Amino acid sequence: MIIVMDKDATPEQLQAVIAWVEGQGYRTHLSQGEERTIVGVVGNDRPLDHNQVERMAGVERTVRILAPYKLASLDMQPEPTLVPLNGLKIGDKQVALIAGPCSVESREQILEAAHAVKEAGATALRGGAFKPRTSPYSFQGLGLAGLELLAEAREQTGLPVVTEVMAPEQVSLVAQYADVLQVGARNMQNYNLLRAVGSTNHPVLLKRGMMSTMEELLMSAEYILSCGNPSVMLCERGIRTFETYTRNTFDVNAIPALKARTHLPVLADPSHGTGHWEYVESVALAAVAAGADGLLIEVHPHPEQALSDGLQSLKPERFADLVKRLRAVAEAIGRSL
Amino acid sequence: MIIVMDKDATPEQLQAVIAWVEGQGYRTHLSQGEERTIVGVVGNDRPLDHNQVERMAGVERTVRILAPYKLASLDMQPEPTLVPLNGLKIGDKQVALIAGPCSVESREQILEAAHAVKEAGATALRGGAFKPRTSPYSFQGLGLAGLELLAEAREQTGLPVVTEVMAPEQVSLVAQYADVLQVGARNMQNYNLLRAVGSTNHPVLLKRGMMSTMEELLMSAEYILSCGNPSVMLCERGIRTFETYTRNTFDVNAIPALKARTHLPVLADPSHGTGHWEYVESVALAAVAAGADGLLIEVHPHPEQALSDGLQSLKPERFADLVKRLRAVAEAIGRSL
Amino acid sequence: MIIVMDKDATPEQLQAVIAWVEGQGYRTHLSQGEERTIVGVVGNDRPLDHNQVERMAGVERTVRILAPYKLASLDMQPEPTLVPLNGLKIGDKQVALIAGPCSVESREQILEAAHAVKEAGATALRGGAFKPRTSPYSFQGLGLAGLELLAEAREQTGLPVVTEVMAPEQVSLVAQYADVLQVGARNMQNYNLLRAVGSTNHPVLLKRGMMSTMEELLMSAEYILSCGNPSVMLCERGIRTFETYTRNTFDVNAIPALKARTHLPVLADPSHGTGHWEYVESVALAAVAAGADGLLIEVHPHPEQALSDGLQSLKPERFADLVKRLRAVAEAIGRSL
Amino acid sequence: MIIVMDKDATPEQLQAVIAWVEGQGYRTHLSQGEERTIVGVVGNDRPLDHNQVERMAGVERTVRILAPYKLASLDMQPEPTLVPLNGLKIGDKQVALIAGPCSVESREQILEAAHAVKEAGATALRGGAFKPRTSPYSFQGLGLAGLELLAEAREQTGLPVVTEVMAPEQVSLVAQYADVLQVGARNMQNYNLLRAVGSTNHPVLLKRGMMSTMEELLMSAEYILSCGNPSVMLCERGIRTFETYTRNTFDVNAIPALKARTHLPVLADPSHGTGHWEYVESVALAAVAAGADGLLIEVHPHPEQALSDGLQSLKPERFADLVKRLRAVAEAIGRSL
């Protein structure tokens, strides 16, 4: 950390800052500019709280030098984390393809969807049994019955199951049925939930909050990693902006910008990222071209009857066609799918 | 709801849409423009899911006519909800003043803070025992011990206690100690938590998510109300924007815009809304002038030693001075404080 | 347009609205719902001003049915506009590649850059002679001397020149030297400038404002088109969000979402869209995969000496390598480059 | 400036950076941390371009220590700038009140408005003759005829006139008629226009762009100041966010945050800041309570007939009532109005 002193800071204030910092067990290093004096803080097993320093008399502001996440950083682990899922290693050369409906709605629907995405080339099945919905009057998911149907779909197709968990007390139940625990965008900073999934052995798919920075996403991953679970996959799913033609703004920059900082796999969800099935294909192709390690795509056998997210779901035949185009782009950049 | 058909929709597509809508138990009303045909949907105990309609062939988009919240709306209850708190009725003429430190840190700190804010004129004490923190390495709160200290501070000062609850399984514990259950900004869409506090008899202080629209805030209030708890207070605490000079952007517009839609009290938190104690006073005065029913202000006896949010906390003496100025502004607009 | 009346609107207010609308030469169409009455407005050579209607007593709000742009819309012209540029038709199967430095800095620099991008496969040269800079103390461009150097670079390489024009009174001068007139992001709503470039015969490259909606971009294109110049190219270059790891957030959704509405070519600028050369390659590949009709890429022979935007400029050898990868992705989606 | 070296920077890279910086005429100061080496740059008549440094091998990033604006800063001038306007000194104890219609529409309208706001207590008249409109099909203002009508209104009422100038070539014309030149939000970064108004002796009212940070606003003020015109007033008028209940989000934080940095007066425009007349009053009161030096309020004798912004305009009688309440709040905080 660097401490920038006020233009008018007195020598006494400067001494008090130095004394306090050194009293916390750090060394300091002084740099006298023409308009500002700067105190470098050296030694950092654990960073000083910038709030405390900034409240001291004579301090203008502080500047952080090191990233606040550690376990998630490339500094800590330069080689990529590979998350094993049913024979595939997510984060490796092959791009993962997780597809299925937004919600599990019925036995018929989830089995039809599972077979369709399997046949088209998906590597895992997605589907929600517990659904976070903005309105208390909307369909909230089938709950346990939905989990049982997902397990049946896995048995029939061999596809591993990715499904959302919404509360700490649900984790052990969901973990009995799911192969991957998904933490949704609205829960990215539900720290009790992060700790709960961090205490399992299941891979976790952590979605970026719709108004969370990449750094906050990495800090939420850090919660999970620091509980001892190393299998975290990040997922860009669109952020909230002023634009209204699309439901969210898919932040394609996040793919290279996260990969420049972390060894964790980075996935992309173009269905939520756009909110309109007409745009899903273009953005899915873009995500693969940008280097995403996997895709989450909503596919529904009858989108016009979907109880949630019908507007952004692809029909199975369009999805099958898209997979071919995704494969061509993956191969053009030296990967497979 | 209104359904706008595509420019090129066929008569068959139009008939299919009408048939489907009427099959759901609604009446329709057709309006033939020169470039678009519009189908009005009449009858709405429960609104049609726009996603389903928008996926039908020939439909361009739908337009919602009614607000998605009901219990929270002025349509449902034109007179203001008054939330009783220790003799005060929040939502009435007197502006509530909830003050105290971000976190309970020690017995000495919380008692000193409680006495100071009481003396300055506060009507309730705030302080966190469970703290949602971006970093797993930051101070996470004293937990149960913090709740016990808050109860002791209440006993000494007579101030009711407002404190945050972070997870459904904590609700019954926190409710034993707190007078008001606070749902924090990061948990505004933690629906399991909303249902849990909605099942208590305690007043709930619901903070707007930093990434949430006013409508989403009202929908989250609707979750609580629909569980049978009528005592919900909304709180504007700053939203996330592109601006970097302040930690958040306090949305003062939200005060009149929420009051134009809901009967629930609207409070303001200028400490989080700005993130800098130097700006808290101006924005607190602004919030009262704009019609806020109460304020949450962070006050710490020694901000430079605070374990969280020291940068945005006022010292007791500044707070005492601010209260006088707040009172003058409250009286200038015909209220008291 | 549709007019939604207040829940409590009186029959007299409704009649007054109908009378006023019909007095403006429109027909109306009434739809009586259970909670709201809706007035459809039929006939629209020119739309009613929603502000005027919304101020009438008893009116809750209005809803627009038709897009506010006309000449730019697919309704008006379903087939794509092809903008001819030195033998290439932008908007057709081949992806255009416009590359060069942010600013023209010296004869040596622009000639070296021009030869390098030509050799790597660029189809046009970019470079700024007039530069909009946030600070009055930053390099403001070489002006006329820069235009002359661009002309010399064109003569040597055969590459057409794309350069920015900042003010109406500069248009005729810049048009003497440039093949394409660029309107920069900060000037997207400089209407005097839009009219000035709309009165020339030069193709115009219109960049999206960093906080402008796609609809505002289309409206700004409409200004140019309505002045009689049909050769407008749109360019997504990143929007401003809360994210800080990147300079802007490249809105890849805009590529399919604009193409769903307009016949104008849509280009992408990953250099400004990311602000970091390390991310430019991923996002350039993504833009091509998403269907962009062309790319603008900053290339500088010596980025570390650049007077502007050095941080987001590629070196010529990286650019040459990128072109090969872009070509592979373009071919994977059935285009060329 | 501070230069943070990469974790893996070699001693040669560090030496190259130091040599380059010193070659530019600065001194350097080295601070060796445990994980990063930091180079302080001392001496700054004119700051180093961070882009250039950040492109050097071994450099991770740079950190700016000093604000990029100088003439606008409190460092340069600690006492407030007072802008004289018809006997009033804007920036002093009395809050200025600039009111009138969005556009000059007719002789009758502007004269009626001028007399009404004068009588209610306004200190200046606002009204647009040249109007920046999103659509080329909207009313674009009366131009010269509008300026003449404003001059007539001034003659009749004695109110000085504030009106917008949209292009450099209009400045001398508008300056013949106006007392204050307004630069609108869309033109805040139209640098040719900033230089043109900076070359006059007229006070300039500079509105914050809806997409602009406070720092960019200060940099645009710096353009005007650096051309020799010291009479610049800043105006917060709402920024663009994700919220949709209001047209813009009025950033009340900007009032104290700008005043903590600059000596220039800070005004507020609650009409554009909210976009709805129903919210204008609350936000106007808030702005005064927060310390604004003046208000811009849209008042129209017949808002339902307004050719622009009718939705956010107050009727004269409401405005007159508001002035009394504004005065009470101003006096409550020790100012007058």
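Just so it is clear, A, B, C and D label the chains in written order, and each chain counts residues from 1 on its own.
We adopt the following convention: a residue touches a chain if its C-beta (ideal position, glycine included) is under 8 Å from a C-beta of that chain, and two chains touch if they have at least 3 such contacts.
A quick note: this is a predicted structure, and the numbers were derived from the prediction, not measured.
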Note = In contact with chain A as well as chain D, sorted by label, we have B, C
Inquiry  = By mean C-alpha position, what chain is farthest away from chain C?
reply    = B
Remark   = Chain-centre distance (mean CA atoms) for chain B and chain C, in whole Å, is 38
Message = Averaging over Cα atoms per chain, report the distance between chain B and chain D in Å.
response = 31
Key: Geometric centre distance via CA averages, chain B-chain A, whole Å   = 26
Query = Could you say which residues in chain D touch two or more other chains, in rising order?
reply = 211, 240-242, 244
Inquiry  = Under the stated contact criterion, what part of chain B meets chain C in this complex?
reply    = 2, 4, 7, 29, 31-36, 38, 40, 42-44, 63, 65-66, 75, 240-242, 244
Complex interface listing, chain C residues touching chain A = 211, 213-215, 239, 241-246, 249-257, 260-261, 273-274, 276, 278-279, 281-283, 285-291, 325, 328-329, 331-333
Complex contact set, residues of chain B against chain A = 46, 49-52, 54-56, 68-69, 132-138, 166-169, 186-187, 189-193, 209-211, 216, 219, 222-223, 226, 240, 303-311, 313
